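Both of the next two complexes hold chain A, though its partner changes from chain B to chain C.
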Partner chain A sequence: MSSPILKLVAQRVALGILLLLAVSVLIFAGTQILPGDVAQAILGQSATPESLANLREQLGLNQPAYLRYFHWLGGVLTGDLGTAMSSGQDIATSIKGRLWNTLFLAFWAAIVAVPLAIILGLIAVRYRNGWVDKLISGLALASTSFPEFFIGYVLVYFFAVKWQIFPGISTVYDGMPFGERMQAIALPAAALTLVVLAHMMRMTRAAILNVMQSAYVETAELKGLSAFNVIRKHAFPNAIAPIINVVMLNLAYLIVGVVVVEVIFVYPGMGQYLVDHVTKRDVPVVQAVGLIFAAVYISLNIIADIAAIVANPRLRHPK
Partner chain B sequence: MADTKAKSGLLLDIRNLRIEATVFPPGEPPKNIVLVHDVSLTLEKGKVLGLIGESGAGKSTIGLSSMGYGRGGVRITGGEVILNGRDILKGGKDGFRKLRGREVCYVAQSAAAAFNPAHRLMDQVVEATLLHGTATRAEAEKRAVALFKKLSLPNPETIGERFPHQVSGGQLQRVMTAMALCSEPDLIVFDEPTTALDVTTQIDVLAAIKDAIRDTHVAALYITHDLAVVAQVSDEIMVLRHGRLVEWGGTRQIIKEPRQEYTNALVSVHEIEHQEQKPGTTPFLSVKNVTAAYGRSDIKVLKNVSVDIYPGQTLAVVGESGSGKSTLARAITGLLPPEAGTVTFDGRPLANRLADRPKEDLRQLQMIYQMADVAMNPRQTVATIIGRPLEFYFGMRGRERDRRVTELLDKIEMGKGFSDRYPAELSGGQKQRVCIARSLAAKPKLIICDEVTSALDPLVAHGILELLLELQKEENVAYLFITHDLATVKSIADSIAVMYRGEVVRYGPKSKVLSPPFDAYTDLLLSSVPEMEIGWLEKAIKGRRMASAGN
Partner chain C sequence: MSNELEFLSRRVASGKLSRRDFLGRAAALGISAPFANSMLSSAARAAGPVKGGTLKAGLVGGESTNSLDPALFMTQVPFAFGKMWGELIVELSPEGKLENRIAEEIGSSDDAKVWTLKIRDGVEFHNGKTVTAEDVAATLERHSDEKSKSGALGYMKGIETIKASGKEVVLTLKEANADLPYLLSDYHLIVQPNGGKDKADAGISAGPYKVTTNEPGVRHGGERFANYWQGDKMGHADQIELIVINDATARTAALQGGQVNMINRVEPKIVDLIKRLPGVTIRNHAGPGHYVFIMHCNTAPFDNADLRMALKLAIDREEMLDKILRGYGSLGNDFPINASYPLFTEIEQRKYDPDKAKFHFKKSGHDGAVLLRTSDVAFPGAVDASQLFQQSAAKAGIQIELKREPGDGYWNEVWNKQPFCASYWGGRSTQDQMYSTAYLSTADWNDTRFKRPDFDKMVLAARAELDETKRKQMYHDMAVLVRDDGGLILPMFNQFIDATGAKVGGWVDDPHQELMNGYALAKCWLEA
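After this line comes the complex of A and B, so read on.
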C-alpha cells in the first residue's frame, strides 16, 4: 500500500480520536447539567446539609468541573471507569461480561443480516421493477416499519409460546455451552436482523442501480455476460463504498441500539445494563456506557471510511 | 469465427429494420415514437460501412441492433437482422448472449467510461474470449499482447496490468479496440471511437484502427458524425437522418458527388467566409505574463502567458485538452486568481480575485460554456434566464425587462413563443442560443466562449458560429474563443493563440499564424485535422514531424 492511502487512513484515525474526546466532554457536561449530584443521589431526600457537604468532600465533588473531568478521563484512559453508586461494584468489571454478550449477539445478527441484505439487494436489482423486486422491498420495508418491541413480541408469541422452538427469555451465563447460547440468542438475533435488513437491502439496491447506468455496464452486457454476472462482476465492485457505509451504520446500531430488544428478551447486555442504571440515576455507569457506545459508533464509521478509501482503485493504484 | 458461414460473402443483412421507443413526456400519456423507419443495409465480410448523420439520426441504434441490443427501453419492432445467415432477432435472449462478444463486438465512444474502473485492463480485454470459451486464458492473453503491439500501445507486455485510470484516453481507445478484436469476431461496431479525442490523438487511433481492420479482415460498422473521419476508413458510407436512409454509396461518390441535398450540406458544412480584421492600435484587454496553478501545486497550468484582445474582434485560443485554454479563461474572469502577471481592462488592472471585482467589471466579461444544458437552471423559463442579468446589472423590471428579453430572443433568431419554455423543451442548438442571449443581455465588451460548438452537430454548430459573427458586427462585442477545432478557428478568428502545455507557442493575426513556416506543434495540430479526402490519413501520418502527446 502506498503513502496516499496511509496518509488518508492516519487522518481518519486522528479525526476519530479527536471526535471521541469531544464526545467525552459532551457526556461529562451533560451529566453535570442534570439537577442534583451523586452525593444527593446516594443520601436521598432526607439528607442533612452537613452530611451532603461531608460526602461531597469525600467524593471530590467540590472540586471545579474541569478538574473532575480530567480525573475521570485519566481514569477512563487507564481502564478505570469508576464505581457504580447503586451497587458499589467496579464498573469496568461488570461491563466486560455484558459488552461481550452484546458483541456476541450483534455478531451473529450481523452474520445473518449483512449477507442476506446484500444478496436480496442483488436479486432486487436483477429483477428490478418486477414482482420479485417489489416483494423483497415490500417485506423488508414492512419489517423495518414495525417497532422493534412489536417484532420481538410477535417472535416470542410464535416461536416461544405457540411452537416452543426457542426460549422467550434469553438467559445466558458464563460457561454456557455454545449450542445452548446460540439457541438462547436466536430470537433477539432474528428481531435485530429484521430491523436492520431493509436499510441495507435498499441501499445496496440503490447503489447498484446507480452504477447500472454506467457505460461499462453496457460494455459488459455487450460482451454477452448474463444479467446476474453483469451485476456481480461489474456493478457491485463499484457500488461497494456506499454499501459499506450503510452496513457499518447498521452494525453500529446492532451494538448501541439494541436497548429495546435486550430489555424484551431480558438479555444481559449493555443495553439492559444502561436502562437499569438510568432508572437508578447511577451517573458514573451512564457516563461509562455512553462513552463506550460513542467509541463503538465512531470506530465503525472510521472503518467504513477506510474501507471506502481502500475500495477505490484510483487511491490504491496511483498513476 | 462462426461455423455457419453464409454461402455468399454476405455477413450482415438488415432488412426493413424498425425500431421504436416509448417516451414519457411530462403531463402527457406515454407514447410510442419510431426511431428507425424501415432501414435496410448489407455488409460483406471484411468490409467497412460508415454510418453517418447528426444526433438522433439513429446511427447508434442501428449499429447496436446488429447485436440485438437496445439502449434504455429501445425496442426492435420490425424487420430482420440476418447475421451469418440467420435472423438473430429470432434467437431470444440466449441467442443474443452467445453472439455478443463473440460474433459481434462493440467499441464505445468514450473508452474512459466504457472500461470498468475496478478491474485491470487485461481482465477486461480477455473477458469476452474466456466467457465464450474460444481460448484458454494463456492463449487469450497472448493474443491480447499481440493486439496491443499491433495497435502500437506503449509497453504492450505490461499495459494489461494497469487500471483504466492509469492509461490516457487515446491509449484506452486503442485498448478497447484490442478488446473488441481479442475474441476474433466477424463484425465490430465502432460507435464514434475517436470523437472524444484530441485531433492529434485521433489521427493515431484512426490509423491504428484502420490497420487492425485491414490485417484481421474483420468487418465493421463505423458510426460517426464526422464525414472526414469516416472517409478515411470506410468502403461505403450510408447517410441517415431522423431514422431514415438519405443516401448510400461508395465513399468516393458520397464525398465527391453527393446526390442528395442533405449530404451536400454535410459535406460543405465548415465553409464560413470571414474577413480577418486587422488588430486596432490599443487592446481593451491585455493579459500580461500570467502564470497560474491549481491549489498549491508546483505544476503550472499557465506559464507566462500574454495575449491582447481588441474591441469587436475575435481571439481564438487553440490547443489540446490539458493545454491550459480553459484555465486562461478562468484566470481572466478571476475564477482562478493568477500567481503572477496582470490582466488589464481599459487601461486599468483588474482585481485578481473574482470577489474583489466591482459589479461593473463583472458585467463587462461574460461567459458561454460547452454544455449549454447544465449551464442553465432547469427550473427556470427562458425569459427568467435571459432576464436575470437585466435585473442584476441594470435593475430592469416588469414590462421594460420583458421588452428587452423579446428583443434578445429576436437577436438569437428565436421567436417570443420561446420565452415561457423550460430548457428541457429546447434542442441543443436552441439551448446554446439562449446562453448567448443571456451573455449579451449584460452588454459586455468581451464574451468568453469555451468550446461552445463542441457538443453540437456540425450543421447546428455552423448556425451558432454564423450567429456569433453577426452579433459581433451588430454589438461590437469581442470574443475569446476557446476551441480544439481548427476548422472553427478558421471560420471565426481574427487572431489566434496556439497553446501547448500551458504556454503560448504561436500567436498573431490569423493569416500569419496559419501560413508557413510553422513551428513543430502548430504543424502537428494543422496536419491532424481530418480532410475530406481519400488517402489523407496515410499522407498525414507520413508527413508528421512530431508525435502527439497521446491524451
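After this line comes the complex of A and C, so read on.
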C-alpha cells in the first residue's frame, strides 16, 4: 500500500462526509415542506386552536427554521437525536432496536443472496448461452421483475398458510430465542433474496463475460486450464470491482429499501418506524431515520469505491 | 331446533365430539353452517368459560408512536389494549345499558347538574394499592385539564368541580347533562393511581391483565391479574397478546395460519372469501359508524337549501350499500343516528329520486358543476363511492366534478375546511354526544357548518331532560331537522367486521366498537 491509495481513500471519505452534510440540509428542508405540522398531526381530528397553540409552544415549533437546523445538527454530532414529538420517547434508544432488527434481516438476506448470486453468475458464465444459463437468468430476472409485495404474498400463501412451515408474520422481540428468530425472518429474508438476486447475478455474469474476451483469458485457455479455473483464477479477480459495486448497492438496498417487505411481514424494522412517523409528522424522527439511511448508503458506497480502488492494479500502482 | 342437534352441540361443548364432526352431522340434518356455528358458540357459552392458554389478536391501527398514556389514545390498538389493563368508572354493556365498574352506584340531583359516584370497595390496582375516590377524582381532573391533550377533553370541559370525599366523588356540571354516566364510559378515562398525574404512561390500572410487554407499533402483551375484582367475568386466558398487523392481507394470513385467534377490520370485499376458510368465523355487527358526504351550510353554493336537498335526493343509497359495503352495513337517512343508539326512533327512509332532485336543483338556480373532494382515506372505497354518486346525480341532471385529494394531509387540508367532501364518523355512545360534537353551532368539529340557534336550544334541552319519553321525542325532532335542512348526506352506516379463528369461545356482539367494544381478548376464551 502506498500513499496515493491513502490519499484516494481519504478523498473519498472526506467527500462522503461532505455529501452527508448536504443530505442533512436536504432532509431538513424536505421535512419543512411537508403539509401540516407536528402539532396538527398529533392532535389530528381533535385539534382546537388553543390546544394547537399550546402544543406548538411546547414543541418549540415557533423558532425560525435555520435555528432549529443548527440545534438539531449539533445534537446529532453529539449523539443526541432528540426525543420523538409524538410519543416523547428518546429517539436514539428506540432506533437502536429497530436498526438492529433491520441489520439482522439484511445480514441474513445478504449471507444467502450474495454467495448465491455470485455462484449462479459463475455457473451462468461457464455454460453461457446454453440452457443452464438461460434458466438461471430467466428465473432470476422473473423474481426481480415481480413486485416485492407480490413475492411476499406468494411466499406467505404457500409457506405460512398452505403448508404452515414458517410464520407469516415476523414479529421479533428482545429476548426471542435465536432459533425462533431465524424461523420468523425466513420468509422476509427469502423475499429480499429473490428481489436482489438477479441484479447481482447478472452483473457478475456480464463483468466476467467482459473479461473473458481479453487476450490473457485466451492464453489461459490455450495453456490448457479448465473452464472453471480460467474463470476462478484469471477472469474473476479482474472482474471483482464492478461486482463489489453492485453487491454494495444491493446491500444498501437491503437496509434502506425494505419498507414494503417490512410492512407485509409485519417486521419491526426501520422502514415501518419511518412510515409511522412520517404520517404523524414527527419531524425529529424522520430526520434521524433519513440521516441514518443516508449514512448507510454513503458509507457502503465509500466501501465499494475503496474496494474497487484496492482491487484495481492500475489504481494501486499508478504511473 | 331439533333435539338431536342440541344434544350434539352440548357434546361438542363438553369435548366429547369434535367441532368438525358436529358440523358434518348438522349438514346431514340440513342445517346451514353459520346457524350450526352459532349453535355451537351458544352451547359453549352455556358450558362456561375455559381458563388458561394464550389468546392473540392481530390488529390494524397501531403505530410506533403509540403511548400508554390513556389521554393520548386514538387508534384501535391502544384502545383495545387499554381495555385489557385499564378499568373504567362505568362501561356500556353489549345491550347498551350502563354497567358500573369502579363506580358502584351513580346518582344525580333532580336537575342532573350534580352527580355522585360511589366508589366500589376492594378494587385493587396492579401495584397492590386499593382504588380510592381520590384516584378517581384525580383521573377526571387530569383529563379535564386543558393541557392534558386528552381525547376526552371535549366532554370533560363541561365539569365545573370535582370533589372526593370519603368513598364518593361529587361532580358539579356547568350545565345539566342527563348523559353524564355515558360520557364517563369514554375509553380514555381509565382510572390510574393518583389519576396518572405522577406517571401518565405507567400502564397501571385495575383491569383484568397486567402489562408485561409494551412495544408500540409491534406488540403488546399482558398476563392475568390475579386480584382482578371480577375475575369470573373477564380474564379467562392466562396471557393475551396484541400484535400490530396493519396490512390487511397479512392479517388474514395470520388468522388463517393460526398465529392469531382474532383479527379486526376485515375488508367487505373479501368477507365472502374468508367465510369459506375452515375454522374462521366472521363476526359482523352494526355499529354507529357511518360514511358521509358533507356540505357546508354557510358556504355558496351549499347555503341554498334546495341545492342541498337536490344532492340528498340524487344519491343512490341502496346501490352504494350494495357495491361499496357489499351489504355489510345499513342504509343511511341523512341524520347521524341509527338503532345502535339508545332512544333511537325511525324516520321515513329517503330514497333516490332523480325527478325530485332535478326539481330542487332547478329551483336552487345553481348553474354548472358541483365540486366534490374525495380521497381513499375518507373511508374505505370513498373514491368509488364518489364516482357512484357522480353517476347517479348525472341521471338527475346534476353534474358533480370530482377532485381526488392526496390522503396525506386530507384531515388537515380538506376535511372541515373545504365546502364539500367525503368523510366518515366513528359515532358516539349517545345521541347527545354525537350532536354536541358535530352539530352544535359552537362545536369545533361542526363539519357541515350547521348553525341553527333553535337546534342548539333543543340539544341543551334534551341533555337536561330526565324523562325518557320526552327526550325521545326531542331527539326525533332534532333528527328531522338535520335530515331535512342539514349539510349531511349519509348514504350508509358501516358494520364492524371482525373474524375469529377456531376454538374461540365466548364471543358476544357489541354494537359500540369493534372486537366486542375492545374486550374480546378478556371476555373470550380458548375452547379445549
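Rule of thumb we're sticking to: the second predicted complex is superposed on the first by the 284 of 319 C-alpha atoms of A that agree within 3 Å, B and C clash if a C-alpha of one lies under 4 Å from a C-alpha of the other, contacts with A are read in each partner's own complex, and residues count from 1 in each chain.
Note that a contact is a pair of C-beta atoms (placed from the backbone, for glycine too) under 8 Å apart; a residue touches a chain by one contact, two chains touch by 3 or more.
This structure is a prediction, so every number in the text was calculated from the model and none was measured.
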A:H317 touches, of chain B and chain C: first, second, both or neither? first
Contacts of A:P237 with chain B and chain C, given as first, second, both or neither: first
Which of chain B and chain C A:S145 touches, first, second, both or neither: neither
Partner chain in contact with A:A220 - chain B first, chain C second, else both or neither: first
Partner chain(s) touched by A:A84 [first = chain B, second = chain C, both, neither]: second
Dominant contact partner of chain A by residue count, chain C or chain B: C
Touched partner set for A:G168, first chain B, second chain C, both or neither: second
Which of chain B and chain C A:T93 touches, first, second, both or neither: neither
Chain B-facing residues of chain A, complex: 214-216, 218-226, 233-234, 237-238, 313-314, 317, 319
Footprint of chain A on chain C - complex, ascending: 58, 63-67, 74, 146-147, 149, 151, 153-154, 213, 215-219, 243-247, 249-250, 253-254, 256-260, 408-409, 411-413, 415, 444-445
Residue ranges of chain A in contact with chain C within the complex: 35-36, 40-48, 50-51, 54-55, 84, 86-88, 94, 98, 153, 156-157, 160-161, 164, 167-169, 171, 173, 263-266, 268, 272-273, 276-277, 279-280, 282
Residues of chain B that touch chain A when the two form their complex: 67, 69, 71, 96-102, 105-106, 108, 110, 113-119, 124, 127-128, 131-132, 162-163, 165-166
